[in-house]
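In the two complexes that follow, chain A is the common piece, with chain B as its partner first and chain C second.
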Partner chain A sequence: MMMPAIRLDGAEAKFGDVVAVVPITLSIATGEKVALLGPSGAGKTTMLRLIGGEVRPSSGSIELHGRMIGDLAPGRELSSLVGMVHQQFDLVPNLSALQNTLAGNLGRWSLGRGLRSLVVPVDRHMAISALQRVGIDDKSAQRTSRLSGGEQQRVAIARVLVQDPSIVLADEPVASLDPARSKEILGALTTDSPDQQKTLVASMHSVEFARDHFDRLIGLRSGSLVFDSPATDVTDAMLDELYRI
Partner chain B sequence: MRGQGLRIRTLTTVDSRKWLTVILIAAFGWSLASVKWDSGTLHTGGLSAVGEILGAAFTPQISGGVLKLGIIEAWTTVAYAVAGLTVALVLGAPIGVIASGVLARRRFISVINVGWARLVLAFFRSVHELVWAWIFIVAVGLSPMAAVLAIGIPYAGILGRVFAELLQDVPEEPLDSLRSAGASEWKVFLYGRLPMAMPDMLSYTFYRLECGIRAAAVMSFVGLGGLGHQVQLSLQDLDYGRAWTFLFFLIALVALVDLWSSMVRRRVSA
Partner chain C sequence: MIGVDAPVVRVRDARPEVTPYGPGIVRYSIVLAMILVVASWIFIIFQSQNQGTSFLSIDSAARAWNFLTNDLLGIDQSRTPAFLKGSVWRDIAPLAYDTLLMSVLGIGFASLVALATFIFGARNVMTGDLAPYGGVIWRLLFWAVRGLFIITRAVPELIWAFLIVFIFSPGILPGAIALAIHNSGVLGKLASEIVEGLDPRPMRSLQSAGAGRVQVLFYGVLPQALPRFITFLLYRWEVIIRTTIVVGFVASGGLGQEFRLSMSHFHYTTVTLILIWYLGIVVLVDLISAGLRRLAR
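And now, the complex of A and B:
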């Protein structure tokens, strides 16, 4: 078997005494598209943040492409391996959509290049084509704070497209979008570039979209794994059990 | 249990605050009673002089000569203020960035840098601009340089301190997402902190420019020229109308800075 893109080995996340994710062991292969499902508070965001290195596991370990996440240098190395789209987008409101998108390059760029790009955008075509893929290249010059929630979400996705990590993590990437737009964005996120297979892990509230666009569905409830199956094998009974109140 | 303890504590603080208020008011009343009102506490001719000065506000001197002088002196005052603020920015902004400690990677070095930067800023601003003016007049003589430095140094201390706080107080989430995109702290500073703090930093700098114009006018009392000097001369001649003409110039300058500031802020703010 090939080395998995992501490997959790008994990884657990605790905030004080509260266990957000109970020890989980699983592997995700390179190129797999995985959706995390589950009621709110199930630990989907925490699991994404564990994989992205934003939350340290309280026990167990996480490997990305065979390397322990703690051994990866923050900055260029970590950002070329893994990138995350947060649910709150977390863009810089006073910068233009273009500059926020270009910020995906900051792991690669030297400081001087970054400084220069604030005056005259560097690699502009790259950002424009990313904004095109999410359908808002016409808003590139706008100040990000003036964009709607859905537009900001698409800028955040464009940024991760520019960052171009081999593993993309996305927390509710289509929560603020209408169904047609959601399809387009999920398409942009799940389409592999010709030279590289992208691994995608996204938390999803829409079961329907998750089934249509992802290979594998993982059900989380109260921080524990409820199911982990190929999308085609997930039955309505399993979903009812997952979302049971 | 915890909530109850909290409530009891707030109650007692409110009570003791009330008591403090009562005591302070009583002390104030008592001090009024001890003033001997009939023995020249108030200057007898004072009220009519105040009336005369205020009345003169409606009859400022608007002869060509006075207006021309006003424009020249207003220009001097603005020049002092702008040059002083430039010194303040060049000196205060970098020290402020160091004092904010946002660029430091290693904790130990960061503590040392933040420490000396804060100390320098505190030293700059703990001495009033007039006192700096005296010091610089001794050092460089009665020259515009003295006025510019006298404004620049204390304002550097104030700007640096405020900038440091504004840079620390920006929301963390966008910064974290820049870090996860691979940005170093310097790049996080350029792409996150600075743009997010910029509207407030600009707005505060403009406010300081207003203060700088006021300070420059006062500088001229020390003999450095400018609008304040003309106000002083007019008051010495008991020419209140003329004094008001120059005061109106001062008011106009502050209003202009205010207008300029709101125009710039509208462009930059989120």
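And now, the complex of A and C:
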């Protein structure tokens, strides 16, 4: 069997006494498109942050492409493996959309190159083409704080396109977008680069959309796994159970 | 969940939030203050008779009136008041220029020192959640810089000026340095607190995009902190221009020194003229600063 892109082995997340994610064991293969479903507060975001190395597991372990996440050097190494699009507040409000997008390069740029780019943008075409793919290249010179919520989300996605990690984690990546645009953005996030297959794990609130566009659906409720099955096998009954008040 | 055009939430402000105490403490403070006022007046009127009531007498009112009209405004005097003589206006002009110069030098030095150090005085960057590699050395540096801010800020400009004239000969420079020392502490602390009040989420995102410590500083911290630092800097410049006259007393030329000399020589109408010049440059600085602050926004 091929080495999985992501492997959680009894990974648990606790904040003080509050358990956000109960110990979970699962594997996600390279190239898989996985949607996390579940009511608000189910632990979707925490699970993404666990995989992204932003939250340390209180017990258990997480491996990315066969390497323990704690062994990966933060910055350069981790950012080439995994990139995350947060739901909000991802961007520096005082920088232009272009600079925020270019920041996806910081893991591979030298320090000097990064500083130089603040004055005269380096690899500008890269950021412009990423902004084009999410449809807001016309706003590249705008201050990010002047963009709407949906536009900011697209800039954050453009940044992760520039970062080009093999695993993309996205927290509600299309929450503020219309269906046609959502489809395009998901397409951009899952386009494989020539040398590697992309793995995508995204939390989604639109069940229909998740069923249509993802290979595998994972249902979370109160931090534990309710179901984990191929998108085609998920029944309405399972979803009703997941979202039951 | 975010709606379609979720409002862009502004980064938290560096200034302290609304009082952490309940509304009760405000009410009690007001009552307590009123009791204090009444008690103080009772004490003045009944206890310290020889001093307290003379302060309110017709006698002292007359003296004040006399000082204002005869001395400061030069009414009923044989000589022409200094502020009506063009030649004295011209004599004072270079002193006003010196005072302005002193304030610009002072704020210039102060902001250089503050800019070079403030980042080391911000807890979140040095030891908090934005410093995943924080060690003992960073912690020590943090406390050293914070200590520096406290010491420079705790000693007022006037005292710094007293100390500095022992080293430099009197002039504009020692005054500017005294102003700079005190204000570098003030500005440094303010700037550090701006950084501590920044929303950490954009910085964490930069880290997960692969940015190292210095890159997070230049891409996340400085773009957010500098515009607000500039508004604080301009505000401190307004404060400094008001303090130059006090510093000038002890050390260092400008309007302050001339003010003290004119007072001791009983040239009261010259004092009036100095005050006019002084008000002029204070208003000028306020206007410039307000204009620049609008630009910085």
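To be clear about the criterion, the second predicted complex is superposed on the first by the 243 of 245 C-alpha atoms of A that agree within 3 Å, B and C clash if a C-alpha of one lies under 4 Å from a C-alpha of the other, contacts with A are read in each partner's own complex, and residues count from 1 in each chain.
The working rule: a contact is a pair of C-beta atoms (placed from the backbone, for glycine too) under 8 Å apart; a residue touches a chain by one contact, two chains touch by 3 or more.
Predicted model only: the values in this text are computed from it and were never measured.
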item	value
Side-by-side fit of chain B and chain C on chain A, or clash	clash
Touching partner for A:His205 - first (chain B), second (chain C), both, neither	second
Partner chain(s) touched by A:Thr46 [first = chain B, second = chain C, both, neither]	neither
Partner chain(s) touched by A:Glu172 [first = chain B, second = chain C, both, neither]	second
Chain B versus chain C as contact partner of A:Ser182, first or second or both or neither	neither
Touched partner set for A:Leu115, first chain B, second chain C, both or neither	both
Superposed model, chain A: greater residue contact from chain B or chain C	C
First, second, both or neither for A:Ser80, with chain B first and chain C second	both
Contacts on chain A seen with chain B and repeated with chain C across the two complexes	52-54, 74-76, 78-80, 83-84, 86, 88, 90-95, 99, 103-104, 106-108, 111, 114-115, 118, 145, 156, 159-160, 163
Chain A-facing residues of chain B, complex	173-174, 176-184, 186-187, 190-192, 195-196, 198-199, 268-270
Chain A to chain C touching residues, read off their complex	40, 52-54, 74-76, 78-80, 82-84, 86-95, 99, 103-108, 111, 114-115, 118, 145, 147-150, 152-153, 156, 159-160, 163, 172, 175-176, 205
Chain C - residues contacting chain A, complex	1-9, 11, 132, 199, 201-202, 204-212, 214-215, 218-220, 223-224, 227
Sites on chain A touched by chain B in the complex	52-54, 74-76, 78-80, 83-84, 86, 88, 90-95, 99, 103-104, 106-109, 111, 114-115, 118, 143, 145, 156, 159-160, 163
